[in-house]
Structures are given as C-alpha cells and as structure tokens.
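What follows is a pair of complexes built around chain A, which joins chain B in one and chain C in the other.
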Partner chain A sequence: CVGGSSERHIYCLWVFKESGAMTGWEQVCSFQDPEPADLSMEEESDTRKINNSFLRDHNYATEADIISTVEFNSSGELLATGDKGGRVVVFQREQESKSQPQRRGEYNVYSTFQSHEPEFDYLKSLEIEEKINKIKWLPQQNAAYFLLSTNDKTVKLWKISERDKRPEGYNLKDDDGRIRDPSTITSLRVPVLQPMDLMVEATARRVFSNAHTYHINSISVNSDLQTYISTDDLRVNLWNLEITDRSFNIVDIKPANMEELTEVITSAEFHPQQCHTFAYSSSKGSIRLCDMREAALCDKHCKYFEEPEDPSTRSFFSEIISSISDVKFSHNGRYLMTRDYLTVKVWDLQMENKPLETYQVHDYLRGKLCSLYENDCIFDKFECVWNGSDSVIMTGSYNNFFRMFDRNTKRDVTLEASRENSKPRAILKPRKVCVGGKRRKDEISVDSLDFSKKILHTTWHPHENIIAVAATNNLYIFQDKVN
Partner chain B sequence: MNVKVAILSIQLRLNSIKKLSTIALALGVERTRTELLPFLTDTIYDEDEVLLALAEQLGNFTMLVGGPEYVHCLLPPLESLATVEETVVRDKAVESLRKISQEHSPVDLEVHFEPLVKRLASGDWFTSRTSACGLFSVCYPRVSSTVKAEIRQHFRTLCSDDTPMVRRAAASKLGEFAKVLELDYVKSDIISLFTALASDEQDSVRLLAVEACVSIATLLPQEDLETLVMPTLRQAAEDKSWRVRYMVADKFSELQKAVGPEITKNDLVPAFQNLLKDCEAEVRAAAANKVKEFCENLPEDNREQIIMTHILPCVKELVSDTNQHVKSALASVIMGLSTILGKDNTIEHLLPLFLAQLKDECPEVRLNIISNLDCVNEVIGIRQLSQSLLPAIVELAEDAKWRVRLAIIEYMPLLAGQLGVEFFDEKLNTLCMAWLIDHVYAIREAATCNLMKLVEKFGAEWAQNTIVPKVLGMANDPNYLHRMTTLFCINALSEACGQDITTKQMLPVVLKMSNDQVANVRFNVAKSLQKIGPVLDSNALQTEVKPVLEKLATDTDMDVKYFAQEAISVLALA
Partner chain C sequence: MEVNVEARRILAVSISKLYASRTQRGGLRLHRSLLLSMVMRSARDIYHSSRETEGQTSEEPMETSSKEGCDSEITEDKENMSPTKQSRKRRGKASAAPDFLPSKRARLEPGEERYAAPMGSWRFDPPPTHIAHQGADLHQRSRDRGITGTMVQALRSI
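Up next is the complex of A and B:
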C-alpha cells in the first residue's frame, strides 16, 4: 500500500480520430501523486476513482512520486507504472458496461506494491536507488499476471494474482485466530475454503541480482518465453526466467582500458518474433542488430545501422544529441524506431545506411541547445512507442507536450497532458510552438516552454487507440474519441 | 489426536504437508477421500515449497485413499498442481501422476486418467498443455485402439502449439512417446512430427529434437534410418544456430550408437570433423569432449584408419585452438586416445600433442593432461613424458593462483605412484615440502594431507628418512604458522608412521612445543596429543603426555585450558 505521505491521483483519456488516429483524443482518466487518500487494498474501491476536485497542486509531489516507467501488458487490460520510490502501481481496465457507456476504457488501480527498496553496496560504497527503470510484462500464462521490474542493479519477477477464498476450521486455533487448548481438541477437522472479498496479491517470484556492474537501462523478454535480456551501459546479459543464479554475458563493449571508452549502450530489445535477434543502441547514434545463432558471444553484430553525419550541421552538441535514448522494434518486426534528442527515426531492417523516415520532435530547440546543456536537459532520455498497427508513433517533449506522427499521411500533432487544460472527456486541442518572431494567438513561444515539465515515458495500448502518458508525478490516459 | 492441519505460516504449512500421510492415516480412507482431497485440490494458490511437497506426497498416497480401487481420487488435486505456473511444481505433479497411472486398472485408466490427460492437453493456458506432454506415454500402452488414436491426435496438436513452451515440452517428450508407439505409427506419425519440430522457427525447439533423434533412431530398423532420420540429423549438424549444433555435438556418442556403424562411417565422421572445426567455440568444446568416446565406438575393423586420417588432423588443430575452454576440454580426453591407438601411434602422433598441451599457457589445460596421466602410463610408460612433465608440474606448483596449486597437489600421490620413489625424491620432494610453508592455509592443509598419502604409498621407512626430519625441523621456525604446520603434519602422519616413529621422534617435539609462547600453538599441542594418543603406548601416555596436558590445563589462556581438558578426558588420563 502507498503510505500516507505519498499518494496517487487519476486523470482522464482522450483520442485521435481520422484515418485511425490523429485528431480527437479525449482524456479518460488521469492519476496523480500525491493523492489524498491512503491506497490500501480495502479502501481502494472508494478512493481509486479520484474526483478532480481532490487534486492538489502537483508541486507537492516528492521526488519518490515521479513516474519513471509506464507499460501496457500484451492484452492492454493492465497498465503498470513504476516510480522513483521503487513502487509499482498496476491499473486494470474497467469492464465496459451498457449502463455507463461513457466510462469506456477507464483504468482503476488494481494492485500497488513496493518492488525495490533503496540499498547500499558496501563493497563499492555506492547507494543503489530504488527507482524503477523499466517494467516489462510477460505474456499471460495462467490466471495470474507476471511482470519484470528493474532498478539500476536488480531485476525482479513479480506475480500478481487474485485470491477469493480462505481456509477456515483449523484444528489448533478457533475462527478468531486464538490458539485452542489442546486438551479440548477431541477430533480432527479438515479445514474448508470459504469465499472472501477479492484480494490482489503481488509476490516476488524471482530476484535476478549481482550480474550488473553498471546501471541497467533496459530489459526485454524473448519471444521464446524462456529467456530475457538485461542491459547496462557496457554489457548485455541473457537470463533464463527460471534461473536466478547465473546469466550469460552476450555483449561486452568494455574496453581493456576504461580511458579508451567512447561509447555506451543505451537500450536493447529483442525482436518480437525472431527469438534469436536483438538490437541495441549506442550513445553514438548507431544501432547494432545481433544474431544469437551465430555465436555464443554477440560482440560481432550482423547489421549496423547508422546515418552518416552531415558535416554542415556539426557542432559541439552533435554527439550528445545523436545519442539514442530508446530503440523499439515495430510489432510486425520489419522496422526499428529510435529516438535521439531532437528526432525519431524509423529504420527498415533491410536498409542499414540511412533511416527510412525521420521525424522532427522539437526542432525549434536546435537554437537553444546551449542553455539545454547548461540545465542538463540535453541529457534527458525520451522514449518512443508504436501504435498497435505500427502506423503511428508517439514520443514525448517538454512543457508536458507529446508528439504523434502518422506514418501514412505524414501528419503530425502536438498534444499537451495537463490538468489545467483538460477535463475528463474533453477533446485535446493540438498545440503549436511558434518559431519565428510573430506569435499567433493560440501559439506558445519557445521561450515560454517549461523545461521542468517533460514527458519521457509513454505507452500505447497493443490493439486499441488508448495511450498512457507519464508527466512527472501524473499519469494521463487518453483514448480515441468515441464517435 | 495431536495432528495439525494448521495453515499459519509457510513453515507450518510445509510441516503439515510433509506429515500429510499421518494426517490421512488419522482421518481414515473415507474422510481422506471426501474431505482432505477436496481441500487440497483448492489450495493450489499456496507457496511453491508447499505445493512441491504436496505434489510429491500425493504420488505415494494410493494406500491412504483405499488402494488402487480409489487411486483416481488423487487425480483432481494433481491435476490442479499440474497447471500451476511454477515449473518444478508442475514437473513434480506430472511425476506423481505418472507414478499413480501405473496403479490404475485399465478401465480406470480410460474412465479417469485419460480424460484428465485430454483436459490438460486442451487447457487454455500453456502450463496445463506442457504438463499433458509428459503423460501421453504412460497411458498409451494400456488403452484401447480408439483412445490410442485420440492420444496420437492430441500429441500431434501439441507439437504444433502456438506457444514455444508447449512445443519444447512436446519435443522433449517425443522420444519417450515414440518408444511406446507401434512401429507403423512411429514411421507415419512420429517422423513427420520430428521433422517439423527439427525445423521449428525457434532454435530452442529445434535443439530438443536432436535428443528425440537418438530415441527414434534406436527404434527404427537400419534400412529406414537413411530416409527417415538422416536428412534431419544432417540438417541439425549444420544448423544455422550454434545451440543446435552444440546439442548435436553433446549427444554425439548417443547418436553414433543409435545409427550404427555404417552410417557412422559415411555420415557421422564428416559431421564430427565439421563440429571439431566449428566456428563457435562452445560447439568445438562440446565436440572435443566427445573425441575419445567417439573414437572408442568406431567400428573396430577400420577404427585406426578413420582416426588417423580423419580425426587426428582435427585434434591437432584443436591443440592450438584460440579458446582455452576448447583446449582444456580436449586435454581432459586426449590421453584416452593412446589406449585406442596403441604404443607406436601414441609415441609418434599423440606424444607431441601431449607435450604441447603440457606447455600450454592455460593452467587448466596442463592440469587436465596431468590428471589423466594414468591412461598413457599403461600404454607407453610415463618415462617418455617425464622430461616435459617436470617443468610443467613445477610451474603449476608455483602458479600465482592458489586454486591451481591446490589442484596439482591433489594429483601428487597419483604422480608419485607412477613416477616411482626415486624420481620423486629427486625432483618432487622439495615441492611437497615447499607447499607446507605456502602463505595460503588451504594449500598448507592440502600439503599436509598429501604427505600422509605419500607415506601410505612409500612406507614408514621412507617417511622417517625423507619427510619426518624436515617436518620436525619446522618446529623451530620463527613463524608460528609454520610451527603449527608441524603439528598438523604430525596429526596426519602419526598413524601412517606407526608407534615407533611417533613415540621416538614426533612426541618429544610436540611436548617441547607445549612451552611455545603463542597460545594457538599450545592449544594445538593439546589437540595433537589427543590425536596421536591412541598411537602411543600407555607408558608414554602416563609418564610423558599426562604431565604436559595437566600443565596445559592450568594455562592462562582459556582455549588452551579447554583443549587440554578435552584431551585429558578423551585419552582417559584423569
């Protein structure tokens, strides 16, 4: 349960229409930390649907409440968020009901648990943060749900299951839990299971630790459903989901002499169908595709994707802004999408020398790189996601803006996730940032953008036009407007 | 009746489950069937440890539910256990189900057991379908032909299941299922399933088909192997994925036996050559491990010719492989080739390889050669090697890694036996003594143990002349750790050396050390006296040992006092 000091709020959901997904997004719900009520299991049915009037100013949010990852499961029925306080909150989609059609797609808190605790590495005198870096759902294998969550060092496999019966009629204690006097026990009873209120339990089933010297930046489950990879700055390790005491190092880019280090791994992901293929991205803007069939160690890549640098735009910041912060395979496995500081690129796996498509996320920042460097924003790691059919991509920006690009129509839109500008069921208005001198009425000037409000983590429902957007301590869920 | 079915904490529940047979006995067969089993069927959300214990217990429950007549009552709880997500629990439940299937009458098997298998096989979640894979083979032989046809159909379906887990489970049970099938169905059904699994898109499935290949090949008549099995096996040996090739290399001896000498000669020899030259080190290492076994199992009529012309050239290359795991895998088996090839070939072709490996940069390679010296000794005598052996041993004996030093110490008695006492005294004795003052305790301890084994081998007289003086000399060493080593050596050697040497040479030194200024030495004196006491005669015990122990029992140090008193009571000197 989330303690009294840290609380959580819900917001809404919005949509995109026209050619599938580009115009009207409406807010379905949003959640905010802190939230006024204690989210213990028993009370959650009353408090989880937070009325907007309850919302407090988000400035109250503590560091621990900042959402650090957000992820739909493979059916889209569940949505998990992780935060800097090491907590995981799982939301479950409300069943559609005929009586309340307007509540389509609403998500409510299903389970909250503390996944990681702060630790201290005594050998290296290092604090290990509890912040959840990534969450990945496993495909559902029985009535329970499983997810992997990771902080900088340790990956954990969690089981989230429901229990609606409990045993009653013990021999040694009575129904109130008091121990019975052994002399009064004259016969042997077999306990019976009685129905009780539904309880959602989260239990840590496996802890995969002690395999990473550097910080884990990503995890990815293999399509063979037997293994997964965890990636830190210099290495990729392959694990069997059932075995915690050993993992195999499959990529190691650590140079013999650390002073020769020029490149780090920023993210890695398995191919969605080919169990032997994975890709990893680097701080130098390149992506390597590796085939695990060829050798046990994948130090040699089989494909190398990189766009030659344009010498005319070269600057002090070129290398920093070309660092890839996220790499994602499309659902069909044909494309790779990468996000660097200013752009999103789509690569065809068959074409290594240049990206198929390049989308400018916030090109207007190109002139402000110097101040973005000074306030460290230039090192922000934005993620990117595909929609279910790989036709639209979404990624975050500053000022609580997030961007969508339709790959077919080449239309793009900027939307804003904020409580001030959106009410539940309201249609999100496209936002515009003005670049030149003259500012039109509904435009925002580059200089008035708030760089402390950034959207780094987003996720898209695997089959429907429902998205979840994490803006610091707020989670917004939007969906395609109902006709 | 003080029997507990208390679901309090895991440990308590675990204890309850472990005493489940007692509980069932107390309840009687009737209540066990009607109350306990339904309760257990519903408790499957419990902790893994509890479920695992439960799954195991239920396999032995037949008598407790009323004998074979009622054994089917155990099916519902085991069925739920066979669907949980934890693999170990599922496997245990399947194991218990297989066990109790034998206790079903043929009628019960069709009425109760077989429907359960079908339910599992068509379950919604992959967990139940994987469990079903392990149950087909136990019920197939005992059911009617109609049901047999259904079972075959279910197995076929699972082999092309959507989830790789189920296909893996099916692939791993394919061989076992093939064994219980009629030969015609093996040819018609199993072969097509085998071919399909062996070309699955996931290499984790394909590699399991290699295992099935062994069983299937054993079942088929020789004339069918070429058309039914070999195309798939050839394909597996050249699979794009190294893990599949690794599996072929790992199962090579079994495959060789299963396909027989003719196919081995024509197909497996070239395939084995390729595996020994594979681009992936893991595959080469697995193949290198099989070199001896493969050569041994070659048909005798032209074994030597095949080895000399086809295998040995590859082996020669492996000796200078870039990967040390490959080299050490080879080093652990290469000596075995000498018995197969005989004296002349060994001297001419193998000896240079042994010598090269004895000089390898990787200590593990050298160790593996040394640890298998006995094979060569039988064929050509170890003298041929001794020139190169000595530098190799000395180098390992002084290796910077203490685990390497430890490993070589463990081979010393073996080496001493083969090289003979003279050679040992001349070259190795100094090494053995040097280990006694190693700075790592584990080495000093192993060295002490090594001395004992040497004395057992060479006799008390040899000990008296070569070892005892040196050991006793260390009693005056300025380093107290070395002085303690003297005591440890005496503990180990006294029995092997016998009463005479112990009383005359060792005891005086031990007694003298009771005045040592370091308490650790003094209490080890007490421990040593306790240890060597049984070897001494009662006169020495009473006149020499007793006064010293009594003095130590009044020592200022607590530990010295404690061990002195312990020695007095053990030796019954009080």
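Up next is the complex of A and C:
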C-alpha cells in the first residue's frame, strides 16, 4: 500500500503484528529513497574499511537526505523527521475508516519545510551546519501544531497549520487579486469563506539564536509548556517560548582554564511531570539531576548517578565507550534511561550508585573497539526510547539492526530494518549475531556486519506499539495489527 | 611490545583524526576533540613509558591543547601566560623523528617554518598578522602550550 509522496521520497507502509511487545512485529510501512546507490552499499563486504568513505559511493546529493532525528508528537498523530539538509518532514496518521480497515494507521506526508539553512559565522570563520539535531513537539493546545527544531546553533519554533477555506467575493479586487476597475463596481458585497483544497503551511514563529558558543545537542520542553532548555557541550540555557532575545543560563561547566576540561554535557531533559527538575548526562558516563528551585545556577546537582568503572574492562577506549549519548526519563518519571556505546542502562531516581538494569546492546563489539575507533564508528551517538507503558526499551545498532528489551520478562529481540528482508505483511524475523565458533544458518557473523548501516534515531508512539526507525536516509514505521 | 605498537598506531590515527576534524563542516566538535585527546593521552603515556625503559627522562601529562581552537578566549590566555613554563619540550625526543608516522616531510623554506607551529597548536583563527612578529617566539609559545616536540614534529610531517 502506498502512502503519500514528497518530491524526494516514495513511501510505502509496513505494519507490525504483535503478540507480546516484541515478537511478531510485522513490517507494513517504510519510507525510502528509491535511489540505486543502495546497491553499492550492499556490495561492500569488508566492513572494516567502511567508514565515512561509504558516502563517496553515493551521490552527494543524497547526503542531505540522511535523517538526523525522528519524533512522534504527544498524541502520536504526527511524526516529524529532520534531515542533514535542514528539512523537516511531518507525517500524519490516516484516520481509521471502516471501509478500509487495513489502511488503519498509515502515516502520510503532511508537511515538508526547510527549517534551517547553512550559515556562516564570520567572526570564527566557521560554517554552521543546517543539519537538524533535534525536534521536540509542543503538546497541542489549539488547531495548529507547534514544534521546536534545532541545528548546532539556533532553535526555531514552527507553527504548522491547515487552511481549508479562503475568503472570496471582495469588493475592490477580483478572485485573482487584481484590482477591479472602480467603474465596474455597482453593488456592495461581503466576502464569504469558501472551501478550498487543504493547504498545510509551516511558519517560523520564533527564532532563538545567539545563545550557544558550542554545538547544541538537545532541547527539551518543560511540562509547564512555557519554557524549554537547549543544551550544548558546556552549558544549558532556559528559554521562555515567547521570548527570543534572552535566555537564562542554568548550567555552566566550562572551566576557567579550558585545558582543565575533562567532561562535556551530552544531553539534557526535563522531568516529564516536575517542572523544576531536569537531568543532564556527561561524556564521563554520569548523570546529574538538578532542581531549579535550589539556585539560579544549577551547578550543584541534587543527585549524581554514576556506576564505578569495572577495572577489568579498561582499555584505551574506556572513556569513549562510557560517554552517554542519550538520556530519557521514563513516562512515569521514576526512571532514567541512558545509552552509552555498548549498553543501555535504566536508573532508579532513588538509587544513585548503580543502575537498576543494564542491557548489552552489542557486546560483541567490545573486542573490536580499535577498528571501530579507526573507522569513526566508536563516536556514533545512539538514541534510546521507552514505550508508552515503560515496559519495553529500544535502541539501535549496526547493520540496520535495532534491539528491544522487555524489562519485565527480561527477553530481548534484534530486528532489522531493511526492505530486502521483508515482504509486505511478512512478520519481521528476529535476527541473531553469531559471536564466535559455528555460525548457524540464519545468523550473521560480527565481521559481516555493515557498519555503514546504523540506526541512531528511533521513536516510539506515546500510547500504541508503533515505532519509527531511521536507517540512514530511509524511514521505517512498524506497528502492530492487533484488534 | 605489542602494547607499544598498538599505542603508536592509535596515536598516529588520533593525530590524523584531530587534524582532519579541523576541516570538518560545522567546525571543531568539542566532545569529539575531548575524546580524541583522552585516547591520545593514554596512548601517549603508554608509548612514552615504554620508551622510558630506553633511558629517556619522564614527562608530565600532555596538555589538552586540542581544545584551544574551540574557544578564542583561551588562546588569548595562552598568549598572556608568563614565559616561566619553559623547555617542556624533551630535547632528546624532539630531535628523533617519531617512528610511527610517515617519513615524508613537508618541505618548508626556512622562513615558512613559522607557519607550521600555529597549525600544531590547533588554533582556529589563522594569525596572519602575528606571524611576521613572532619569529623565534613561535616555538616558545608552542612549548608554553605544552605541546611536546614530538607532536609538533608529527604535525609538520602530515
């Protein structure tokens, strides 16, 4: 089945069928670039050589299509993606209709707009990338939709609204807008709103700029719906959504002497219910919880979460792999989830000295850190997500694999987002990586993994079992078909 | 020693990554530079400690000079630093070309040698107006920033 199409992508839909949160996912929908350049990626078998040079095998034009962020809105009706070219594409879920029940839940393109353009900082002779780093939706308060999108330096508030009527019947101008000859006007008429084809327009309502010296890595909307934070490597700034010309700096870890710098902030997020609490993660593998009521500058944390390093696993790359790439509060606000290079950890907010649960995402890479350092993969920043009930967590890996962990049953599954392996309506088959010794028929060996195909960005529908997974420049949406 | 060989390779890879990141679109990434310098520091410590057995003097930890380029403020601090920090350069090592790097050397005219040191200090802002004034001070400033002679040598041969 085919959804909408934009000028760049052709979209089709896979749907999941669920029996339990993790088994029996059926692929129904995916949004893919139809470019043939994919073939050259498949031919590359020596994965150790694959690094950024894989882009040389493709048209450079497609680099702009690489998806850099995905996010459902708070109702799950809309799904936004941002890409390296600074574009935002918003998908909308089709309404359920009794006449076509199998088309329930398809996501079609709703709006496409250019959010950020490349800029040049003349003072520092630096180019500012237009790549969208993060998108966060504001909860819907009227007919229009609002989202925040950010690149390395500037956050923008976008309003997406529908227009399905236009006024017609003006006195002084005709319907084309041309001024009427006054001598032909013989009567008075009042313009009337007439229906028109639906038009979805996106307008930039606020631009929050010039507040970050370093590169913005995250934004987070507060539960008060009035403020939000933007975070770069060394600082967290608090903004009011209405005010663009100033922000409050609430965390500043920049040392007086930059030579003493030992850690940077990698992500920050507001607590989902407590509007005074936020957490930020560091490159050293620690998380700090801060309360804004304590002081104007939240340099002193109220809670500090860190697990002591296991000395037996120490290597040259211990610092890199312990750097946290993503931090997410659970929906109920009781837990924190962090992602570092090899693991996902769930922390209880009441227990600071060690995580509640640790899940190995791809521990078979532990012995390959040197190669992964050489091909830059060790610097990849994977995201992690909770499902709506906080019972399952998901994160991406290489070879277009993504992993789900059920916190209750302790079961885990590896799935693959690829069109070669899935026919429409076929159930997604769990994949397995063979670590050593004999490789079984369906398993894939570590050396055959394609490190250029990585799933860094994923999002889970807030209420239902629908997930969106970005695989380079392709978007896959999986959902269950139950009931 | 295998560890030593590994350390040298990692050091070489790190240097080339750090160098390449200067031309990356979007500018130098602080987080990435920090991680690279941490790896370089451990690799370098292991490399030097193994060379110590060959009778070299011990050396203090490497300064994380790679992050200087990210913030123009501290480069000024560096310039204003008192010249009391002298001779951090290990003279014995500086004269020996590092063996983990390609042997080809960029050919520099005697007057052009001054351009090499600013590259080695990872500064962003090309200091064209300063070069004429610096002369021999440039090497002094490199030492002030704590860059070892080995690093400067390494960067010149890239």
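Keep this in mind: the second predicted complex is superposed on the first by the 421 of 483 C-alpha atoms of A that agree within 3 Å, B and C clash if a C-alpha of one lies under 4 Å from a C-alpha of the other, contacts with A are read in each partner's own complex, and residues count from 1 in each chain.
By our rule, a contact is a pair of C-beta atoms (placed from the backbone, for glycine too) under 8 Å apart; a residue touches a chain by one contact, two chains touch by 3 or more.
Bear in mind that the values here come from a model prediction, so they are computed numbers and not experimental data.
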Partner chain in contact with A:141 - chain B first, chain C second, else both or neither: first
Which superposed partner A:294 touches (first chain B, second chain C, both, neither): first
Which of chain B and chain C A:473 touches, first, second, both or neither: neither
Chain B versus chain C as contact partner of A:258, first or second or both or neither: second
Touching partner for A:233 - first (chain B), second (chain C), both, neither: second
First, second, both or neither for A:338, with chain B first and chain C second: neither
Which of chain B and chain C A:275 touches, first, second, both or neither: first
Touched partner set for A:165, first chain B, second chain C, both or neither: first
Shared contact residues on chain A - chain B and chain C: none
Touching residues (chain side chain A, partner chain B) in the complex: 140-144, 146, 159, 161, 163, 165, 167, 170-173, 182, 185-193, 205, 223-226, 242, 274-276, 292-296
Contact footprint of chain A on chain B as seen in their complex: 1-8, 23, 26-27, 31, 35-36, 39, 42-43, 45, 83-87, 125-127, 163-165, 168, 201-204, 239-243, 279-282
Contacting residues of chain C [partner chain A, same complex]: 6-7, 10, 13, 17, 25-27, 29-32, 34-35, 38-39, 42-43, 63-65, 67-68, 70-74, 77, 124-126, 146
Contact footprint of chain C on chain A as seen in their complex: 124-129, 131, 152, 213-215, 217, 233-234, 257-259, 261-264, 266, 283, 316-317, 319-320, 323, 370, 373-374, 376, 379
